Amino acid sequence: MQLGLVGLGKMGGNMRERIRRAGHTVVGYAPHTPSADAHSLADMVDALDAPRVVWLMVPSGEATQSVVDELSDLLSEGDVVVDGGNSRWTDDARHAEQLGARGIGFVDCGVSGGVWGLENGYALMYGGDAEHVAKVQPVFDALKPEGDAGAVHAGKVGAGHFAKMVHNGIEYAMMQAFAEGWELLEAAEEVTDVREVFRSWQEGTVIRSWLLDLAVRALDDDEHLEQLRGYAADSGEGRWTVEAAIDHAVPLPAITASLFARFSSRQDDSPQMKMVAALRKQFGGHAVENAKSA
Amino acid sequence: MQLGLVGLGKMGGNMRERIRRAGHTVVGYAPHTPSADAHSLADMVDALDAPRVVWLMVPSGEATQSVVDELSDLLSEGDVVVDGGNSRWTDDARHAEQLGARGIGFVDCGVSGGVWGLENGYALMYGGDAEHVAKVQPVFDALKPEGDAGAVHAGKVGAGHFAKMVHNGIEYAMMQAFAEGWELLEAAEEVTDVREVFRSWQEGTVIRSWLLDLAVRALDDDEHLEQLRGYAADSGEGRWTVEAAIDHAVPLPAITASLFARFSSRQDDSPQMKMVAALRKQFGGHAVENAKSA
Amino acid sequence: MQLGLVGLGKMGGNMRERIRRAGHTVVGYAPHTPSADAHSLADMVDALDAPRVVWLMVPSGEATQSVVDELSDLLSEGDVVVDGGNSRWTDDARHAEQLGARGIGFVDCGVSGGVWGLENGYALMYGGDAEHVAKVQPVFDALKPEGDAGAVHAGKVGAGHFAKMVHNGIEYAMMQAFAEGWELLEAAEEVTDVREVFRSWQEGTVIRSWLLDLAVRALDDDEHLEQLRGYAADSGEGRWTVEAAIDHAVPLPAITASLFARFSSRQDDSPQMKMVAALRKQFGGHAVENAKSA
Amino acid sequence: MQLGLVGLGKMGGNMRERIRRAGHTVVGYAPHTPSADAHSLADMVDALDAPRVVWLMVPSGEATQSVVDELSDLLSEGDVVVDGGNSRWTDDARHAEQLGARGIGFVDCGVSGGVWGLENGYALMYGGDAEHVAKVQPVFDALKPEGDAGAVHAGKVGAGHFAKMVHNGIEYAMMQAFAEGWELLEAAEEVTDVREVFRSWQEGTVIRSWLLDLAVRALDDDEHLEQLRGYAADSGEGRWTVEAAIDHAVPLPAITASLFARFSSRQDDSPQMKMVAALRKQFGGHAVENAKSA
């Protein structure tokens, strides 16, 4: 089939390649991008036969909204837009309604896979009406990993990004779990070879997992992680997961703890712990450490 | 080689079988157990040629201590005791010292594998002096899974149980991560097929893991887990992990949250939330729910 | 001065009384309320001399929005609207802009005090332009407690509700702190008189506080809180506090833990702990409790 | 009455003064201390008429044990030892047994008050047999604050230190609550005067408390706490509180979060966040910050 693909960054570029390998035609567009196959969104749309399928791999928020706005004018009844970016699930219903008013279908799709996706395939979680999903199915089949798993029609519009968001929330807590365990092992004087303990866990244990494999790989590169700072960014999906949990009154203590640990890691000095220090100083004459500037 | 094995429960019985399949001789003993190969600890010791290796698979605490006490009299210089049970790592140095005073070696070994171990092998983490470990090595090789991973000499006496304990702490937080994600997906009206979302994650995602495979298996048995109560026991090792973290001033927010979630799950009514309700009633005239008995 | 007051519930009714005791004229309106002084918003506005001040004590969200919509038509340039309800701080800028387009000022005001406010005064936190605040000042002075503290111009529009929201977030964690301590004391067999321990803390300790006084009062009513269920509602402001923290990448572990404890308290059975139980059953043959219906 | 007082540090010295002001005789001893009233423990004991009461204000652990050991030889049947230091409650039963074997009574007493105790009195929580407590009562009455509250016979031996430990656990979470709220207010651009918001809370709010008063005092000294580092020590009792909770399977999420926040505050770089950064780097090609030394 033919696919219009908007966004040719690290993810979009690799996905174009994987879809082409499966025998499909991809017309890729991104502004100011030499490898683009079209010079404008309009050119891209013109190059596709109706009914068209256009896949977005664009930063969430304003950038995605702007492309949706343009496509709602350029596309025609019966076409389908797939938002494969990291949009917040709450944007999806709005986009579906906006495009639906023009007879254009909408599917949201969470995509996991990172730099490994080109070779191994991308895990896909998508939401939307069955008739819209059906039009995209050959592309989903091209992108997904081999095997039975790796792709799911998760539910209504929004379900794809919701499922991907929860995937990332789980990922936060799993990473935090390994990180906490690693720090504790490194702190124990009895344990003299933490890296080999991690390696041993790759077989026969309850916690064997791809993240464990990556941890071993990281420790093989740098046994005590001395080359890295204890500083972790967050991509927004962890925050959205906690917000969704609050909306639904679902307690998420481990995932939220993992998010907060990242927040703390980015503070050079903790304001809240200044207040704790100040209170200790007030009530107890406890010695506190003065700021370096003091 | 020959091995004395004390404890023939679900774990010990299967381990005897796996060691025998590797061609070793096992003299198993457990009190009041028809399948035992010896009628007493003394008989078991007599049936082994020196230098002997005796492996304990006995409940931690008093039961293990009692066997160590007896063996310190029955065994001889050059023999080695392996504690393969779930002992707290802080017991190991004491046992090593007690046996060492008689010239008997000591190795502690954390064992993971559960009911799957007989066929797939047991992950092993052990601690102790190299000379003592060497005497047990053929048994470790018989028990461990195939492949390079699955067994590690983690460090000094205590390191084996410490590493196994941390493994279990990580396991707590990973289970909690999947559990939190599952509850949130079930709460989202957009997501209509949570089980298939979980299944899809088994390929191509960051969170693919054996625990995810088990979650899918559990959902295949009972899609919404309606046959189970939200009640989770804990086996002690999660508690010890948090205590070890406190000893080392290592923050473990996700693992501790997972432990506390289990504590809460076992309370029919939460005392602390009675107090919160009482305070709300006092200061705000907030409506609170009276106890059923009221 | 004259004040229009919309909303005559438990809070609004008592506030009308306290403002009147200070010598001001209050024209109160609420639909279908016998004690109302005006039969409609329009009547209320007509009864006030310009420049008018109208104070809202109406449920946040749609109800408040609806009154703001009506008042933006009924009021005139130079008038001021005060939102004293529990609005989310993010609503305030929108209301200020909407009213400001008509020349009407806007002040947001968080109010604390509950059933004790009529006699002891209400703590007030307000935000907005100084000129608008100045027009409301006599009412603030009437409502606030005696003494220097109890009222603050916290900053720009939104600052009042933001400060009140954070107050409530702190309140959540303080209540949780006493609740956790109480449960632990009740669990300790050494401690035979937990209520008297709480009472003793009212003098000379670091934790003496009004909430502690309320806890003692609650324990005097019902020593072991047997008349209450461990079930705590939340009023929204705890949720907003966590959301604001996420917006600002500020870690709030204790406040968030307190919110999640309330969420959990309202679940008859915990879905996430069903999943933990299911995983334990899968990997270990651990005994789990079946649902009562099973 | 007469009292032997061992330990004349900041706490012990002030307590001697307060007891003397109440008209009692105090024989204070501390090694190498010019202000001591006796030159040795033996001298101190000799200076007291039987039945004697000896109060310890000595660091917990070995120092306290050593004094208990000596006193068990020096004292006589019918005498009473009071441990007023910060001993772990699990030490108390051992000390009571050791002394009881010689007919010497034992009372454990948690003392709160810090530098304010001399003038305002010390909050006291004590545990032990009624007959032993009775012998110390005049000293308790001298030390406690005025008013009905401030002292409690909390239960059996150990109950005093247990109650004081829980007091400190609650204190950790209350301090954390104010600290989290303060950081969030400082981060909000709407709120332009955080210090005045805190000051306003001192009247009429749900969270008014002595700790809030101290926070205001600290902010008056240093409005944005720029003179302090975000670094908070812990005195051991927070750790013990969490350990006691684990022993009793009581969830303490807010108190534990407060303890972990202190642990984190003392790490220049977080090992666990290095692992999170390493995993992000492995799976996603996410940019991570290299260590400064890299």
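Odds and ends about this structure:
Chains: A, B, C and D, in written order; residue numbering restarts at 1 for each.
To be clear about the criterion, contacts are C-beta pairs under 8 Å (C-beta built on N, C-alpha and C of every residue); 3 or more make two chains touch, one makes a residue touch a chain.
Keep in mind it's a predicted model, so treat the numbers as computed, not measured.
For the touching copies chain C and chain D, the fraction of interface residue numbers used by both exceeds half; the interface is of the same-residue type. Most remote from chain D, judged by the distance between CA-atom centroids, is A. Rounded to whole angstrom, the centroid-to-centroid distance between chain B and chain C, based on C-alpha atoms, equals 46 Å.
If each chain is reduced to the centroid of its CA atoms, chain C and chain D end up 33 Å from each other.
Per-chain Cα centroids separate chain B from chain D by 36 Å. The set of chain B residues that touch two or more partner chains comprises 114, 176, 178, 180, 183, 187, 206, 210-211, 250-253, 257, 260-261, 264, 272, 283. Taken in their complex, chain B has these residues touching chain C: 10, 114-116, 175-176, 178-180, 182-183, 186-187, 210-211, 214-215, 217-219, 222, 225-233, 253, 257, 261-262, 264-265, 267, 269-294.
The part of chain A that touches chain B in the complex is made up of residues 89, 112-114, 117, 120-125, 127, 144-159, 162-163, 166-174, 176-178, 180-181, 183-185, 187-193, 196-197, 199-212, 241, 244-245, 248, 250-255, 257-258, 260-261.
Those residues of chain A lying in contact with chain C across their complex are 206, 239, 242-243, 246, 249-253, 256-257, 259-261, 263-264, 266, 272, 283.
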